[in-house]
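Report on the structure given below.
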Amino acid sequence: MSGAPSTSTISHEDVLAWLRVYAQVIADNRGYLTDLDAAIGDADHGANMDRGFKAVIAKLMDTADKDISTTLRTVGMALISTVGGAAGPLYGTLFLQASQAAAGKTALTLSDWATMLDAATEGVIKRGKAGPGDKTMVDALVPAVQALKGAIAAGQSFPEALQSSARAAEHGMQSTLPLIAHKGRASYLGERSAGHLDPGATSSYLLIKAAADTWAGSY
Amino acid sequence: MSGAPSTSTISHEDVLAWLRVYAQVIADNRGYLTDLDAAIGDADHGANMDRGFKAVIAKLMDTADKDISTTLRTVGMALISTVGGAAGPLYGTLFLQASQAAAGKTALTLSDWATMLDAATEGVIKRGKAGPGDKTMVDALVPAVQALKGAIAAGQSFPEALQSSARAAEHGMQSTLPLIAHKGRASYLGERSAGHLDPGATSSYLLIKAAADTWAGSY
Amino acid sequence: MKKLINQPDDVVRESLEGFAAAFSGMIRLHVDPVYIVRADAPAKGKVGVLSGGGSGHEPMHGGFVGYGMLDAACPGAIFTSPTPDQMQEATRAINGGVGVLHIIKNYTGDIMNFEMAADLARDEGIEVASVIIDDDVAVKDSLYTAGRRGVGTTVLAEKITGAAAQQGRPLAEVADVCQRVNGYGRSMGVALTSCTVPHVGHATFELPEDQMEIGIGIHGEPGRARTALQPADQVTEMLMEPVIADLPFKTGDEVLLFVNGMGGTPLPELHIVYRKALQIATQHGLKVTRSLVGPYMTSLEMAGCSVTLLKLNAELTALWDAPVCTPGMRWGM
Amino acid sequence: MKKLINQPDDVVRESLEGFAAAFSGMIRLHVDPVYIVRADAPAKGKVGVLSGGGSGHEPMHGGFVGYGMLDAACPGAIFTSPTPDQMQEATRAINGGVGVLHIIKNYTGDIMNFEMAADLARDEGIEVASVIIDDDVAVKDSLYTAGRRGVGTTVLAEKITGAAAQQGRPLAEVADVCQRVNGYGRSMGVALTSCTVPHVGHATFELPEDQMEIGIGIHGEPGRARTALQPADQVTEMLMEPVIADLPFKTGDEVLLFVNGMGGTPLPELHIVYRKALQIATQHGLKVTRSLVGPYMTSLEMAGCSVTLLKLNAELTALWDAPVCTPGMRWGM
């Protein structure tokens, strides 16, 4: 996607690349996410996310010359006004909070990225009032943030830290399988929600993984 | 069903036996007649006839001490007020006309029966305005009447004549298979009505056959 | 068969009982024989308007009993014409002394049963006029067949004729209005699925996932032809073009456009069909001045729809707009 | 998937276009962002009443826009809450200067999007109050879950609240009426079949011929439990008993009984359910003084129904009876 910059930071261009990759990942997994949502929700998560990220891509045409924070804000606003459902406000908030945390930055260090993801996750938790174990996207995001912070403390390299957070998000996503949902639409199913992956946790894992994959050679 | 009377005529009791046998035949063929109607009509002929003849049987409890004409009139009225659809007025008329032709008779000779069936068939034709080849019950009734008349002219016995008319009705019913319906609900299908037996022709054949079977040993 | 019913043989009776209880302010249910009648019938000095037919087409006809529409309706068994005794008693119950109009859909059974009932009512000294609705362009009309079926125009005829009767017009005039509506209305329908008659227990016909029946009636019967399933816009064209060609409807005509649901098709799909039908009508220079969209004349749970075009004039438009207060159609009061 | 549609992605837009054209006298369609608004909005000095939610529930909510009910409705994608910008603009469009009430069904997505919209509208200086409808007794209520879903009571709340607003009552009072309706209404639903979301193309869940889903919502989601298909009377009991027990409704209570069709169930079946529900209510000493039967809040073509009981008093009854003129509910005018 992006060329490999010489510094060990994430450029605006890298962020754009990540968003483009994720939009493609969502398009590819549209049916999968919707099937997950059909089992314990209302069969629209894939369509919702795909509609949102198609709108994001269209909007990003105009922001190539803006900065990281502006881009992320644009993403958040586009998601809020096109996705709807639970995912719209939640992913919208995620990107708006990340945007605020990135204010003024022209490139992101590993610790910038950790701070942003932390703020983004806090935003999601505040908006949706879900905690870990409620079988939501929070179950993928929180471990990703924790893994990032741990990686920094352990002195891992940027690529290693990204891989750690992606793996943690994956485990978090998988941890939703046996859970009984307490938040969102799946909670109406009560015990019948157990035995299915949470669609939002899955799309959140894919978001973290897209960052790790896209930025693998960018530092 | 009925014992064998000493004269070669059909008694009131024989007529009642015929009606009871036919009611049972209809109950047994309810699903079959409805399936025939499903193919080229509206899937109710079996249910219609069964509803009607169940009502007939209930009414006949009261008429055991009446005469043939009264009984047939009761049958006609019961059919008219319970069957509905095309079959209600048509079978109702059939029995009302047979009743009129039997007025004053305490027993039916072969020629009485032929006269009655002729009048009944004419009544159906007048009410429904269908002719032979229109793929209706007329296609079973008209050959039955013709066979009866022919049998009389040929000097056949009562049982032989009844068998002749039943065979003719059966052929008449079978002749409807390739026909394109011109009357009734099947006519809306146009050419798609060909290749299916007409349900009304089938129930009419069963009526004639029930007479032949019931009265086989009654003369 | 998946239905919210108890015994198949009790479907009509139990649903009528529920219906009558839910709309007790507007209608009454008479049993033995069965008919639905306006709560305030008979209206003295007003022509009574009666219709009826097999059940399974709800809200038609019972749902159209009330002020400004039908005075009574006779429901038969499912998809089976009611019987003459029902019609005769209903005719008596709504006779306000100035006669009764029978609105009859053109099916052999309905015709014969209504004919017998009219004879019986006339024997009692009640003046009876009859109008036969036969608006289905899918069926070839001919002297040698049963003629065209009565479909969507029936709903419009009952509304407009009922309004004319409500105005106090005499029987001949009321019958004439009904006759004119029938002359000006044309319909055609399509099915995406069959329906299941409760006492049969399985679908009347099997329709593969990629096929549809075009030119259907309202009794779950197969249509004129089975064709590949098409997008809604093409289906709408297949229905609209024969309808427009038949009267024919001409540039400048004011029309009512009625998109009717067969029961199992949700409203948004009917609106998609309406959208295209309106475009096609407009392309033909027709002015759609009145509209009706919804499941008004159904075939149980069949998926599909029909479109009806009715040519309007000032009189018919005013009668359409007149107040009506029935369980199935209500405005102006 | 057998539907009268063109492209799955065009279903909502095209059906809204058809809907707006068919009911142009009552409502207008605004696009970008999408909302349906009363043809005569804003009504100066009247509280505006706004609702919205995913599409696929028609006639709710767009079909309830008009005199005496909603001032605007925001339709989302199928089964997906609309977005804050839609709600914000609709709020602005119906603000008659005395504030706007948002009626929100209790779904996480709806809550969050309406919350954001209310914040945005308040930033503009528009007074906004919100009432959340959560009447589904099939769902256990708890602080630790998303709480109960908003189902059938929503329809009744929109009618009654709309009437209160139409009388010119101030925002706090209008909100209070809505809150009380929610407090007095309880519902539960059953599905006999799944529905098919157009862009998915196959049924959301598979339900064998002899099974039903009890305790469903309105988004084609599975219910609380899958059980053997029962006769209508038993199914009605399974719905009514938890509803009655929950408030609890008591001997002597006057109630409105609402039997709602999920889309694919024909009217006669709803009347069979109504018949039994009325018997059960009566056995419990409840006085059913008002009724509503029909597909008012659907899940596309899903077969099934829900029952709602709403405890009435003189005020709520009068508001229920007040004139209403919308595409989906109309009386008194």
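A, B, C and D are the chain letters, set down in written order, and residue numbers restart from 1 in every chain.
Here is the rule we use: contacts are C-beta pairs under 8 Å (C-beta built on N, C-alpha and C of every residue); 3 or more make two chains touch, one makes a residue touch a chain.
None of these values were measured; they are calculated from a predicted model.
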For chain A and chain C, chains touching each: D
Centroid-based (C-alpha) most distant chain relative to chain A: B
Distance from the mean Cα position of chain D to that of chain A, given in whole angstrom: 33
Approximate Å spacing (C-alpha centroids) for the pair chain A, chain B: 77
Centroid distance [mean C-alpha coordinates] between chain D and chain B, Å: 55
Sites on chain A at which at least two other chains make contact: none
Chain contact topology (line, ring, star, complete or other): line
Which pairs of chains touch, using the document's own definition: A-D, B-C, C-D
Footprint of chain D on chain C - complex, ascending: 1-7, 11-12, 14-19, 21-23, 55-56, 58-59, 63, 192-193, 209, 212, 229, 231-233, 235, 259, 263-276, 278, 291, 293, 298, 300-301, 303-305, 325, 330-333
Chain B to chain C touching residues, read off their complex: 34, 38-44, 47-48, 51, 80-90, 127-128, 182-185, 187-190, 192
Chain A contact footprint on chain D (complex, rising order): 33, 54, 76-85, 107-109, 112-113, 115-116, 138-140, 144-146, 149, 197, 199-200, 204-205, 217, 219-222, 224-225
